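Below you'll find the structures, each written out as structure tokens.
Shared between the two complexes below is chain A, which pairs with chain B and chain C, respectively.
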Partner chain A sequence: MEIFIAQLISGLALGSIYVLLVTGFNLMLLVAKIIQFAYPQIVVVSMYTCWWVLKLTGNKLIIILAGVSVSIILSLLSEPIFRKISSIEGVDINASFIASMGIAMIMMDIMSHSINYGFPVAFSPDWVGGNIFGYGLITVSKGQLFALLGGIIAVLIFFFLLYHTNQGRFFRAIAENRFAACLVGIPIIKTSIFSYLIVGILGGFSAILFSMLIGSASPWLGEFVALKMLAVSIVAGLGNLQGGLVCGLLLGIIEAMAIGYFSGSWSNVIAFAVMLIVVLMKPGGLFGIKI
Partner chain B sequence: MEKINNILEICNLSIAYGPIKAVKEVNLEINHGEFVALIGANGAGKSSLLKSILGINKAEKGSIFFLGQDITRKPTDKIVSSGLSLIPEGHVIFSSMSVLENLQLGAYQNLADFEENLKRIFDYFPVLKDRSSQIAGTLSGGEQQMLSMGRALMSKPKLILVDEPSLGLAPKIVTDIFNILTELNKEGYAILLAEQNAKKALEGSHRCYVMKTGEIAMSGFSTDLIDDPKIRQAYLGGN
Partner chain C sequence: MSEVTYYFLGFAGIYVLMGWALYLPYRVGQLNFLIVACMAITAYFGGFAAREWGWPFIVILIIGILFGATIAFIFSLAIGDAPCFTVVIVGLTSVFIVKTVIENWRTLGGTIGFFHIPGPNNMLAIIYSLLFLVGLLVFRIDHSRWGRAASVVFIDRDVAVTLGVDIKKLGMFFQIISCSIAGMAGILDAFLVKSLSPEFFTFSMIGYLMCILFVGGYTTMWGVILSAFFLQGIPLMFPSNIASWRLVIYGALLVIIILLRPEGLITRKMLWSIKIKSPRYITN
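Up next is the complex of A and B:
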């Protein structure tokens, strides 16, 4: 029972990172109509930024601002590229997949060639923090608490924006029917750029929470996480924001349980096996495709 | 200086989809308060023409003037906010949103007198009032058409472009919709209506353009065209 609770906590913390990633990914899919495979890589670059600034200053606010800014800038920089390969009807979604894989690859290579000799970077204990709660096997680390709380707050704010503001209504309108959105006079390009901004902010927060949770980052972390993000999005149903919440958390929990109950590093195999079974049974995803 | 009394003027407009020339050198004019029909067979280019007025299809050649302003290459959101609205063919609605939310989106360019506008729309389409919290996708075809019209009117346009509102609807509802269009026109809205139902279109409108394979084949007062033997032969099913 103690193992179960301990793994549940660590699974929820990891899951909330997946939730943030898949939410940003889905927003890109719905509003900008692109497959932003490079999104987790942007998050990793933002983690590297935090690591680097952390060495210069202990000021947490500066570190957070730096991480979030880099994520926003990278997200916004990718917008003109994706718009360039778009056709008049909207972005060709397959072309955007290839382009974003290319962008991810470039970022990965830059990190593996020129930062910290290509070795993974470790965050200082001051940033990561130790356990703040312990009872037998059950522990809660500072990173876990922040990941969970931060994830919940970010998601709440995001859904508030989506359902209670004009911009959010524009997002939903474009997601649902681009032509009708055009007809009522929604500025499509401007709204799309705004979605890149939101995803940039979300990415920055993910980077901060992720670095606190795992305490390290590596050049290949982005691609690894990108595969999981894509898988979660497909399993939940592409573009299904609510489904992404559930499935992101579930993936975290499944991985943590696999780590807790099976020795050796089988967690990825088990996670992907479960997802394969789900996709075989429900090709449209558990909650239905929304694009 | 010459006084501009047309609300819309289209000069030598051509539209192409790759090698397909959908609209060829079309000239068309709508005066303030006028109800103009655009009739033609399937694929004549009516929808392409209407969509290009709103900037959804880009014009290959020619220009479009709305209230004396060149809007040919303006983005759609600017064109909509200047007072043009298109009710497209088929029922183009936000089907997972509520009826009210659809209307709110229609009004977003003109939020100032939202309540008053909404009341006006509900007067035209009482069914929308009863169904305002229903999910739009669950409305019947006719109700969806009304919603599509109501949403277009929420922005308080000066000129309404209507693309085949009668498509796939029962005769009774078609009559209702034409009555509403006539009523809107009497209130001062200028209307450009694309229709395959030539009889209804000619009866309701002041003037009419006949489109044939991308070109304007004929134009004139609707009362004249309705008696024209060629029109009767081609569009009104003989004598």
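Up next is the complex of A and C:
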């Protein structure tokens, strides 16, 4: 029972980061109408930035600002590329997926060539932090607590923005019907750029929480996270924000349980196998496609 | 023939096969990365059967093709008519599951790899003979009733259904053919290199195959041939310090081609203008 509770806490912490990632991914899908497969790579680049700034300064506020800024900059830099792709006549959403795969390949190769000779980087114990609570096998680390609380707060703020502000109304209108939103005077491009900004902020926070939770980063982390993010999004139903919340948390719990009860290297296989079975049984997603 | 030329021609031929394996299901709008999982499974099966059981090449090749077809048939029962991204995720998860299983299976060499695979010496002749046969098959499919139906599905699924096209059956057909070709490519790869590593079947390979299909052109079967040879030649064309950045080059090519020429280098219009009838160029 102790293992179960310990892994549940760990799973919820991991799941809340997946929720952040899937929420950002779905926002891009709904508002900008793109499949941003390179989003997790942006998160990994932000993690590397945090590691670098941590080494240079050790100041936590500067680390957070640097991580979030890099994520915002990279997210905004990709906007003109995707806007151009969306404006090409005859291309569909697949084109954005293909281009984002290209961007992901570029970022992954640059990280594997240029940073720390391609070797994974480890964050200092000062950043990751030790256990703040312990009872038998049940422990709660600082990283887990921050990931859980940070994830919940970020998602709450995001949903407040979505449902209680004018900008959120614009997002939902564009997601519902882009043409009609344009007719009633909603600034499509400005709102789309704002969505990239929000996604950048979410990505930056994901990077900070991820680095505190797992304590390391590698160039290949992005492809694993991208796969999980896309899988969660499809299992939940593409563009389904509420479904993404449930499935993101579930993936974190399944993965943590697999780590707790099976050998480490098999944990990803179990998580992927569960998602594969769900996708095969319900190709349209558990909660329905929203695009 | 120098070793470099031998492997360049060998790999280019295998990647043309894999490019066609990706091209066929994309005719109905599905990006089927299950082909990479099939390639990995049959490559390891082929290597193991040849080294440990001493099976002849031709038997292994036939079983490899059947393996690919069977895997695709089972999966296509569920995703034959699934949307593009459902097929994408099924393929990606399958690749990572297969890769992890291979890495943890000591009999197959685990992360170290599987070496000393015996096999025929005239691999280039075998690869290009099979390439010719598969090319004929793809050409025939493209110009058949199935090919025309696929063109309609790609443009508008609803219209295809109205016209009486069975989308699920069509998707299943293309997925089975594509995975059979990938099964064949896996066997050829194992016997060409005579060693295998799970690191070969990763995201980079998927990206590379995407590059082959979309840079060459996804609307005709000819684009794959052009881009497979061109992209395979990049490490040979540039000095090693630049060639080691080939993923950056492939990624940049993908982005540039989508921005400037979304249908790829060889398009149906281009073929039509030089009087090669392409099945996807629909006129009234």
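Couple of notes before you dig in:
Criterion: the second predicted complex is superposed on the first by the 286 of 291 C-alpha atoms of A that agree within 3 Å, B and C clash if a C-alpha of one lies under 4 Å from a C-alpha of the other, contacts with A are read in each partner's own complex, and residues count from 1 in each chain.
To be clear about the criterion, contacts are C-beta pairs under 8 Å (C-beta built on N, C-alpha and C of every residue); 3 or more make two chains touch, one makes a residue touch a chain.
Worth saying up front: this structure is predicted, and the values here are computed from it rather than measured.
By the touch criterion stated above, A:Gly185 is placed in contact with chain B alone, chain C being left untouched. Using the contact criterion defined above for the overlaid structures, shared-chain residue A:Arg169 touches chain B, although it does not reach chain C.
With both complexes superposed, C is the one of chain B and chain C in contact with more chain A residues.
In the superposition on chain A, contact of A:Asn177 is made with chain B only, not with chain C. When the two structures are aligned on the shared chain, A:Ala104 is found in touch with chain C, with no touch to chain B. Touch criterion not met for A:Val246: it reaches neither chain B nor chain C.
In the superposition on chain A, contact of A:Glu223 is made with chain C only, not with chain B. Of the two partner chains, neither chain B nor chain C is touched by A:Ile115.
In the superposition on chain A, the residues of chain A contacted by chain B and by chain C overlap at 88. Of all residues in chain C, those touching chain A in their complex are 29, 31, 75, 78-79, 82-86, 88-90, 92-94, 96-97, 100-101, 103-104, 202-204, 207, 210-211, 214, 244-248, 250-255, 258-259, 262.
Those residues of chain B whose C-beta lies close enough to touch chain A in the complex are 54, 56, 58, 75-77, 79-81, 85-86, 88, 92-97, 101, 104-106, 108-109, 151-152, 155. Contact residues of chain A toward chain C in the complex are 35, 81, 84-85, 88, 90-91, 94-95, 97-99, 101-106, 108-110, 113, 220, 223-224, 227, 230-231, 234, 238, 265-266, 268-269, 272-273, 275-276, 279-281, 283-284, 289.
Across the complex, chain B is touched by residues 88, 166, 169, 172-173, 176-177, 179-189 of chain A.
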